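The chains carry the letters A, B, C and D, assigned in the order they are written, with residues numbered from 1 in each.
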Amino acid sequence: MTYSVAVSGASGYAGGEILRLLAAHPDIEIRTVTAHSNAGQPLVRHQPHLRSLSHLTLQDTTPEVLAGHDIVVLALPHGQSGQYTDALADTPIVIDAGADHRLTDASAWAQFYGGDFHAPWTYGVPELVVDGAKQRELLAGATRIAAPGCNASTVALSLAPGVAAGVIDPSDIVTVLAVGPSGAGKSLKTNLLASEILGSANPYAVGGSHRHIPEIRQALVGAGAVGDVRISFTPVLVPMARGILATSTAPIAPGVSDAQIREAWADAYAGEAFVQLLDEGEFPRTADVLGANTALLGLAIDRAANRVVVVAAVDNLVKGTAGAAVQSLNIALGLPEDRALTVNGVAP
Amino acid sequence: MTYSVAVSGASGYAGGEILRLLAAHPDIEIRTVTAHSNAGQPLVRHQPHLRSLSHLTLQDTTPEVLAGHDIVVLALPHGQSGQYTDALADTPIVIDAGADHRLTDASAWAQFYGGDFHAPWTYGVPELVVDGAKQRELLAGATRIAAPGCNASTVALSLAPGVAAGVIDPSDIVTVLAVGPSGAGKSLKTNLLASEILGSANPYAVGGSHRHIPEIRQALVGAGAVGDVRISFTPVLVPMARGILATSTAPIAPGVSDAQIREAWADAYAGEAFVQLLDEGEFPRTADVLGANTALLGLAIDRAANRVVVVAAVDNLVKGTAGAAVQSLNIALGLPEDRALTVNGVAP
Amino acid sequence: MTYSVAVSGASGYAGGEILRLLAAHPDIEIRTVTAHSNAGQPLVRHQPHLRSLSHLTLQDTTPEVLAGHDIVVLALPHGQSGQYTDALADTPIVIDAGADHRLTDASAWAQFYGGDFHAPWTYGVPELVVDGAKQRELLAGATRIAAPGCNASTVALSLAPGVAAGVIDPSDIVTVLAVGPSGAGKSLKTNLLASEILGSANPYAVGGSHRHIPEIRQALVGAGAVGDVRISFTPVLVPMARGILATSTAPIAPGVSDAQIREAWADAYAGEAFVQLLDEGEFPRTADVLGANTALLGLAIDRAANRVVVVAAVDNLVKGTAGAAVQSLNIALGLPEDRALTVNGVAP
Amino acid sequence: MTYSVAVSGASGYAGGEILRLLAAHPDIEIRTVTAHSNAGQPLVRHQPHLRSLSHLTLQDTTPEVLAGHDIVVLALPHGQSGQYTDALADTPIVIDAGADHRLTDASAWAQFYGGDFHAPWTYGVPELVVDGAKQRELLAGATRIAAPGCNASTVALSLAPGVAAGVIDPSDIVTVLAVGPSGAGKSLKTNLLASEILGSANPYAVGGSHRHIPEIRQALVGAGAVGDVRISFTPVLVPMARGILATSTAPIAPGVSDAQIREAWADAYAGEAFVQLLDEGEFPRTADVLGANTALLGLAIDRAANRVVVVAAVDNLVKGTAGAAVQSLNIALGLPEDRALTVNGVAP
């Protein structure tokens, strides 16, 4: 059967990527695309790379327009999805690509986002280790799915195996990320201008204010972290349109061997197509996953510094957002998990 | 008076930057430029941006050619400067832009570089806190100067004030750097090709193998670190020709206040033109220091993570290498320290 | 049925892209990958983005290794394919991604390439206007296919409709191209280093020496050009890994109307999925076709300058090379022309 | 003596570059900086690279604030400088970095800009060939100076010598430019976002609508063009913050020799520091002039295409705008022409 889909926020970067993936999905019909300020215009005016969708026109993002589809994807700024909840009550599957349904802790929401708190939906990172199982199991048959934060899922996938296996200490995590500006959306801000970012590395949200921090903490607690999970988290904008290269380190737990450490990750991701641990001594580049739904992890054990170092490469718009949504959707629908998703990146 | 200079390695990136700075130096005459494989060719064929030096021809790098100048700058691969020591015995000032005369510890040299160990020269980072004073004092009248490693000096300047003041714990430093490929030199390696680096973030030397680690440790011990200095150090190549954006974190020492932490850096760099602490809440971009001899530091205190975060922006070829050399030379010669050096970057 | 394929030059950029496309091709089994200097190593060491092919090992490029497949793709430096001709005599389909079998004119080969001249194979640009028909017709059932030069096919597709319709004068074409360095291959040359290309625009082969010039001339003569075809052709390397943005202009033929001009292109590409004329006033960006097999054309008529301006965006590795090869292969095999090829680019 | 300066538009890119250059000018005191929306804020908040000017606060751009200086620089959007004319009647020198006082032809103004036409000021391109002399002569003692359009002056300098010498035909010029986005200013437009420009080449103003076209025509008529001057002009945004790489071609005039062609440019720029013709076979890169006031020209004679090709590299913010302003100012004041300006670029 073919499922009808409506995608809101279709003129933005996340919405555009969802459309790019769904356009190649044999079980999906993209019936409706909506946007706020650009309603009435052809989709390709705002997404000129989506030539196969040149027949679509952006409509207003209203409950009425979104209702009546098998699947609705909300790619909206945080705080905006709640207004569509009632109208979409009968929609079989709703995916929120925004932040509104990710956090389980209302106080964390209040601290990092503010505004009304919404109950969490099923978190869209299938490979995440959760209580000795995988998040995939919870996604089977799910009807309300929260696509992850791109940085959050990258770091959670980087560290959850070590936390679950007890080979690293989650109380003193340090993560620094090189990220492309598309993660910040198509926002008209001076710091996102090409002239500001070309040839430069620009830190932001330094010192613990980034909104993905509670999402990482939540994931690592879910993976089995005992005691406090503390994260020093610093993102740095670098001159590439897409990509996250997250370097995450945590202290080595006392008494564990190198083999035990490596096994924790190898076991967690054995057989996973979209989260792969590279061979010892190899580390990934963001170009290797461009356009792909793959998270590549490289693992080093630095005994001199007493830290495990995990370097993860993810395409923020695919595995970080839209690919996670489609993969989760495939699971929810009982389709092959990799439908319309690619393992191989577009490089160079 | 005008000092005559010979610059070896003049066809490379470090050599080229030294020439760019010295070409604007009113007290310096660039008399000789040398290179290995390109001897006999016009300098501008290899440094086409140095139009004011289009009269110069590259000569062979031999002791005879280098001897007889007031100042010799060696911009050679590590391990090569020793062969010129005897021939330059009478040269008033020799600056090594390579690694051969930086380390005081022969075992660190053996572990990270290998080959013959050479006695250390005066380290060319004037603002570095050393035993309660500044390295500047040691540079006054120096005759043999070791220009620093670009990453090493960036991290050392980032953390030395906190170490010296005892407000951070140097035993668990984590540093991740976004760096431009010019720091790796004009080497014909696949991983330095434009196609490999454009649009990608590429980690290297992950897990504790980078050669600048012992240099940082040495600087922080010199700044007064008590006990072990341990550093998790991960550099990431990003698509900008120049620049280092170093994010360095260390645990907050027990019992210190935010004000004490901030004062440590503010006091250390008060009055310094080329190392500046930004106002609270502000963090530097590498574009802000492009072409300039300035290190800009932003400081955050993350109590939730119990870590101080210092973000430093440096032009690897200027303050990281050639500018450090020229600044040190100015001090050694008793000239104004900022001669031929600029504080303002070329941005955007 | 499934066709077995061997790809030579598999560690390079063109070879890698052919593998990326074929890895998603349901009718193809990639059985053999070969390389010269890297034989014996895992493919993913050289193509780390091709994770789905991590089971493949590079073999030597010898006639024996290449023989015995249904399809052989030669992605070799020019002048090298001839040595495999005899050994591949029984191979049903051979595709040369290099230049050896593109030119019909031995004197043009001698002038721009040199060395042995080889008879031309069927040219792999299906949408090209040829004598009032399309090159597609010649590709049906072809057994020896010459994939095009990326710049050449981009310019040929840009101008052939106007030449064929007689609405532009081919005797004074001017083309300037912004191109990414991947078109130059994975060659260890100083001018291809990231430090040389980041933040810079670098012209090369200025003044009429580029090897794609005779290939363009040949295509435009084939399209019906009367009299001399003369092209001023200037490529400029710009800091993007992939992509060609070709601006091609030619004088407006006397007496033709704007409508006649526009119709020439609209008619030529009506119904084509992979070569699309944008609406009036719209012009393409290379990002719009990244990873896609699409050539997007924007057309302007500048009466003040008396010139038609065609701006074309192509991914040099896809529609410019590997996608052209796969599209041609699909036609030759009688498969759907778009199998394993995408219309939509990966943007931003 | 020291001249006091006020710079309006000080929070923008052109204003910032003027400040960067003047900050190093020994005869200038930057007394006042103004902006529209950002008045009251520290200059360094908007120009964080100008650390030496961290004492300055942005003031409102009003006639009262600007009046009373020796020199006023207007770096405003076009159409805005006229309102300050009366208030600045007594200001010894006024430089307009905008377009308002460049064109001599009111109808060209009306066609390409619109709004009130203002009388032209002395055009700030000292090396431009004008009626057998140089524009420099007109700038000596000038009190009202129009800094050039960056693309316009680049193309004018590229072609004026050939036009003046009669060795090229100005009736069929074709120019295509690779340009960095800083030329478009710090404008919040979607097409200037980093995500849109990174990894992409984006044409704009295709087909003859760019505002610099009449400025080029005017300069070439001034250089001695006989008959129509017609220009096909296509700018392409490429992923570098700064820089113009202009490829300009024109038909070779009948009967002229290669030597005559080359001599035209060699003679025109003999002895010029800031406009240099490269040796035969050499062509410039924009990196070679980054931060420098230099225009580098490479010249090819393509007899097969019957065209002269001039490739010019310019830093749009320096020689294209701010450097042109400072150079012109130096001439107007009788100072050494190169004061505060550098010939050497910042590369790599």
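Basically, a residue touches a chain if its C-beta (ideal position, glycine included) is under 8 Å from a C-beta of that chain, and two chains touch if they have at least 3 such contacts.
Worth saying up front: this structure is predicted, and the values here are computed from it rather than measured.
**Q** If you take the chains that touch subunit B and keep only those that also touch subunit D, what is left?
**A** A, C
**Q** Please indicate which chain is farthest from subunit D, where distance is taken between mean Cα coordinates of the chains.
**A** Looking at centroid distances, A is the chain farthest away.
**Q** So, what's the distance in Å between the C-alpha centres of subunit D and subunit A?
**A** 45
**Q** As a quick test, compute the distance in whole Å between the mean CA positions of subunit A and subunit C.
**A** 35
**Q** So which bits of subunit C are touching at least two other chains?
**A** Residues 13, 182, 195-196, 198-200, 239-242, 284-285, 287-288, 290, 347-348 of subunit C each touch two or more of the other chains.
**Q** Under the definition above, what is the set of subunit A residues touching subunit D in their complex?
**A** Contacts found on subunit A: 13, 180-182, 186, 188-190, 192-200, 237, 239-241.
**Q** Under the definition above, what is the set of subunit A residues touching subunit C in their complex?
**A** 13, 16, 20, 23-24, 47-53, 182, 198-199, 241-242, 276, 282, 284-285, 287-292, 294, 296, 342-348
**Q** Which subunit C residues qualify as touching subunit D in the complex?
**A** 172-174, 176, 178, 195-196, 198-204, 206-208, 230-234, 236, 238-243, 245, 247, 249, 251, 283-288, 290, 298, 300-307, 309, 311, 313, 347-348
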